[in-house]
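What follows is subunit A paired twice: with subunit B in the first complex and subunit C in the second.
Moving on, here comes the complex of A and B:
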């Protein structure tokens, strides 16, 4: 044979650990950046990445993938997605690109953390490909929305969101910085790749791709499913790292990292992806509900993966399952009500047909959120628009950076979980968010959420207008509006009149 | 609301003032680091959390300072898409070299003894290349502009490319010469063989230079040019002398990467030197790292070619120094 197959020489590419002698092992791999938990170099050499690739394969396959994604984009440019799609779909594109593009780019640094500081040679090599993947995801998700800049100023937020103090951008950064850029190599392997990329990105990139294809946006569907093929490779770095931690008696520490990351990912997904899937996607294009996607891609996946590794389900699993039924409906109502603070135009998604769908997917929806939407709808129909826009700010969680919400209806249960720490009172939206803070106060203390900044006088003038300027909005066209300019309320008129 | 109505922009707001139409490189490469916006808390966490302290110390407070690192432009203006196209071409070339030379039983035709020299001086290179890989990954995560970080991402990948070539050839040479330790002795040689110790000392110490400016200067202005001139090129020359035609062609392909790395590094050095205060800072780092690199190169060259080569190397190095001074 003239070319030797990868399996014959692959082992040598990752036989690269050595015993340092001019500096100490701890100097070369400082705990703060490495997160080795005192486990020596040689114990990491058994790290075995399940998904193997080599440099020549990587550049060849990735060249092909890009060629596919960019040619679909070029071929479909005349499809005029922007002009022809439902405004709810355009809002999805805006929310997605703003929340994802620069976050993916920041993930290069997380992969770089593993490439430099992981004690496992296989991890360092796979993370090198991971750095490349995340460069791809950052760049391609800037290139694709860029063409829309000239049509709509909100698309500038695909680049600008992470540079801003907009609330959703703060929430996204606080989460991603906590699991990616602000952590050591092994924490990144567990919290980013195992806890976030194996499940949640599947949901964003494959679940949303199914809706996109149905909605006729093949460019976007093709793009994000192509991205997911990279994710599913580099997401497999966390499993073998967890295995080594467990073998070396660090199960408790590993479990804690998994528990923190899954919870935090959930809260961010509930505010960004939940409304997209259950409210913004035009009804006829919804393949599954957010809850069904959650059960298929997240709940089942984690239950299997955690058992396979010998870890436990997070202690809050029952709370989490209950949250899947409820949380994003409340978040959606909040985002829609405070829509001027978003860089996209939230779609209300509550026409009679949509409400019927919501009631079917979430039995009891009408008696909780439906009752609130009744009041909102009535105000819109009767032109009491001052009642469907906010004048103040909500209370914001010091962990998720998302407003506190409860379940409306008979069992209205909004609750603040507070904690006094170093003479400061922190407020959290759930017991689990408070628990996360208590695990590592040094990671979170002294950070100011949006309302803390308001109260500290960072935002002037101290009103909604001042807040919008502080968030980085530059023109009236950028402020979020109702995606359909309240046309949905028209559809509600007959039934409303009947009930009145 | 006190917001004006504004027309859509033709590009990102931060590029709107550019005189020329933004290129694909501009659109997808510039100003992607948000961690440089708030000097008190690079990451959206406690300003005093360990990672924020690390970035405040080793990046923000680096002696290497410039008002506008974001102005840096990769002279090759590579983006992910074009990099893969370019390197897929290079790898197709290398794969075809491997294929053809294997068919011709190249490894049987090298001079007697060269297999031992390669086992000693070539195969352990994967450790050195891996050090370049992980060191480049460090500069990537610490660099203050995305245009700089991006050059480092590609440099990290290129270094893994070299590791991969070396692993492949180590395996292949071992098939023809099973008794000289290919694939078995490299770690021991890297850790103990006299000729490697200077390079290992250099890399271990460099990997602990956490200030981003010092990491960049030591890696890209000292170590990488030294390795190019004192390891890769002499190895090429020796291979030629020993009837080995494959290794020089392989190294030629790697040198294309190395030359590209030198191009961006010189460009960044040039930008840094536009702030006169950086002159002394960079000089101090060169003074600190060049002697270690010289010592490492001499050790390697003595192992590869014998001690007499040292003088020739030093001459070469003077050229190298002059070369750097231009930047």
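Moving on, here comes the complex of A and C:
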């Protein structure tokens, strides 16, 4: 029997809206779950998803993708990536899997919410495929690191991170709960797919894939490239939803959601991807700096996408551009200094050659972060190891859940934005984080960050051991340590540095 | 005398940290407690007197003023700067 081309029947078959008679439209699509903002059902039928597929086509393509990724993994198992790679690269794998794998499962919930509660039939159809995408991403990013668990307990955090109270996991959960599980269907379309998946996953999955291939880890490069092909499809759900909102007089509401989600995604990726790209990736394998990736994959892409849709650049755009030069250097120093609280082993990345690269990519790096690293390096060289680990907690932002940082050294600039709300004092790492809180205090006000929990007595005993236990670390081998066991400091000894 | 949590940033360091002090501590003692977690760890020792200010202000508290007398609230942010 001849099969009709998809274009002949797609529009008809996916137009699944009907006029409810047993319940009202509002009962079928409650605002709290749907987020339709009072726009009636028929107006959502104009939602035109740019990427169209059928179930047989979807299954066929996904099967090819999976067999490709699993085949490469099987073929390269003898390459002994774990044994032969630079420890900095292994740390990247651990950080990535722990931060991402179960976030994908949260995304299943978000796609499911759109598949059920979006008033747009095209959105519901795409989200059904998106739901299966995210299931695949969760499963494959648990399966791949699983083979390393027997060699290294930190890989178990691919599964465990989101079930723990580790600080980075709290930061990731707080963000994904805000844009996925704690939002209605249309907010998910805007905040998850448009604001997060369009740009930031591109950078994590394609930018990092370039570094992975260069580092010889073709298994990981192939895996994350395979995932990104799904992301770039289902990320297209947000654009048509924004178009419907704008056409129906809801531009202000749409802009607010975009502004919140882009900022929050930025802060999380600054702590996850920034150190990975500019410090952990071995120097010879770095394709571009984090800043260069950000401008290519995020800044330019959002500027074009927002203009195309008739939206404005977020009000904080200049602050964002300034942040790209600075923020992740301080986040990196914090993660490295408090490294025992990470499920991966941070690479310092500050040999003379690496510092030269950092200064070239970020002029002024030496007079700011370099000043602090000088002190740290001197302590390592002179075996004052008690001074290269912390004895207190960093103060944490009540929005990003990441330490409050600024610019060290010359022209010192550490600025906190505080807010007293319902007799509680909140601290934020930026004006924008505080603005996000002020938009919807009820969404955030009851959350306790790690330091709040410490001060509230949730963490016992009230010391570093108590904190590590509370975070979920089960053994000393799981605690983060310097990726290269401080071997980098040898290259920094005056006798080993090149004369200028 | 009771434990009094503050958050503090020391001049030239890169972050804000939780610093448990005592409400009977003078500002000089508070500055020393903050410096313990910064100086020689990430910030070079330097000459000058350390002074405590409310965050992002330039007028320091008197050096002998206690935390209890200062009007600081628990978990408020302070800066430690060099004079």
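Note that the second predicted complex is superposed on the first by the 493 of 500 C-alpha atoms of A that agree within 3 Å, B and C clash if a C-alpha of one lies under 4 Å from a C-alpha of the other, contacts with A are read in each partner's own complex, and residues count from 1 in each chain.
Operating definition for what follows: a contact is a pair of C-beta atoms (placed from the backbone, for glycine too) under 8 Å apart; a residue touches a chain by one contact, two chains touch by 3 or more.
From a predicted model like this one, the values you see are computed outputs, not experimental measurements.
When the two structures are aligned on the shared chain, A:409 is found in touch with subunit C, with no touch to subunit B.
Within the superposed three-chain model, A:289 lies out of touch with both subunit B and subunit C [touch as defined at top]. Looking at the shared chain after the overlay, A:229 reaches neither subunit B nor subunit C.
With both structures placed on the common chain, the touch criterion links A:43 to neither subunit B nor subunit C. Contacts of A:248 after superposition on the shared chain: neither subunit B nor subunit C is touched.
Legend: residue contacts after superposition of the two complexes on their common chain; A:425 is shown touching subunit C, with no touch to subunit B. In the superposition on chain A, A:376 makes contact with subunit C only, while subunit B stays out of contact range.
When subunit A is checked against subunit B and against subunit C, the one touching more of its residues turns out to be B. Against subunit A, the residues of subunit B that register as touching in their complex are 1-6, 8-14, 24, 27-29, 31-32, 34-35, 37, 41, 43-52, 54, 79-81, 83-85, 87-88, 91-92, 94-95, 98-100, 102-103, 126-127, 130, 133-135, 137-138, 140-141, 146, 149-150, 153, 156-157, 160-161, 163-164, 167-168, 170-172, 183, 186-187, 190-191, 200-201, 204-205, 207-208. In the complex of the two chains, the subunit A residues touching subunit B come out as 2-4, 8-10, 12-13, 15-16, 18-23, 27-28, 32-33, 54-56, 59-60, 62-63, 66, 70, 102, 105-106, 108-109, 112-113, 115-116, 121, 124-125, 127-129, 131-132, 135-136, 138-140, 142-143, 146, 149-153, 156, 159-160, 162-163, 170, 173-174, 177-178, 181-183, 340, 442-447, 465, 468-469, 473-479.
Against subunit A, in their complex, subunit C makes its touches with residues 5, 7, 9, 11-20, 36-37, 40-44, 55-56, 73, 75-77, 79. Considering their complex, residues 330, 333-334, 337, 369, 371-372, 374-376, 379, 384, 387-388, 390-395, 403-409, 412, 414-416, 418, 425, 427, 451, 454-455 of subunit A touch subunit C.
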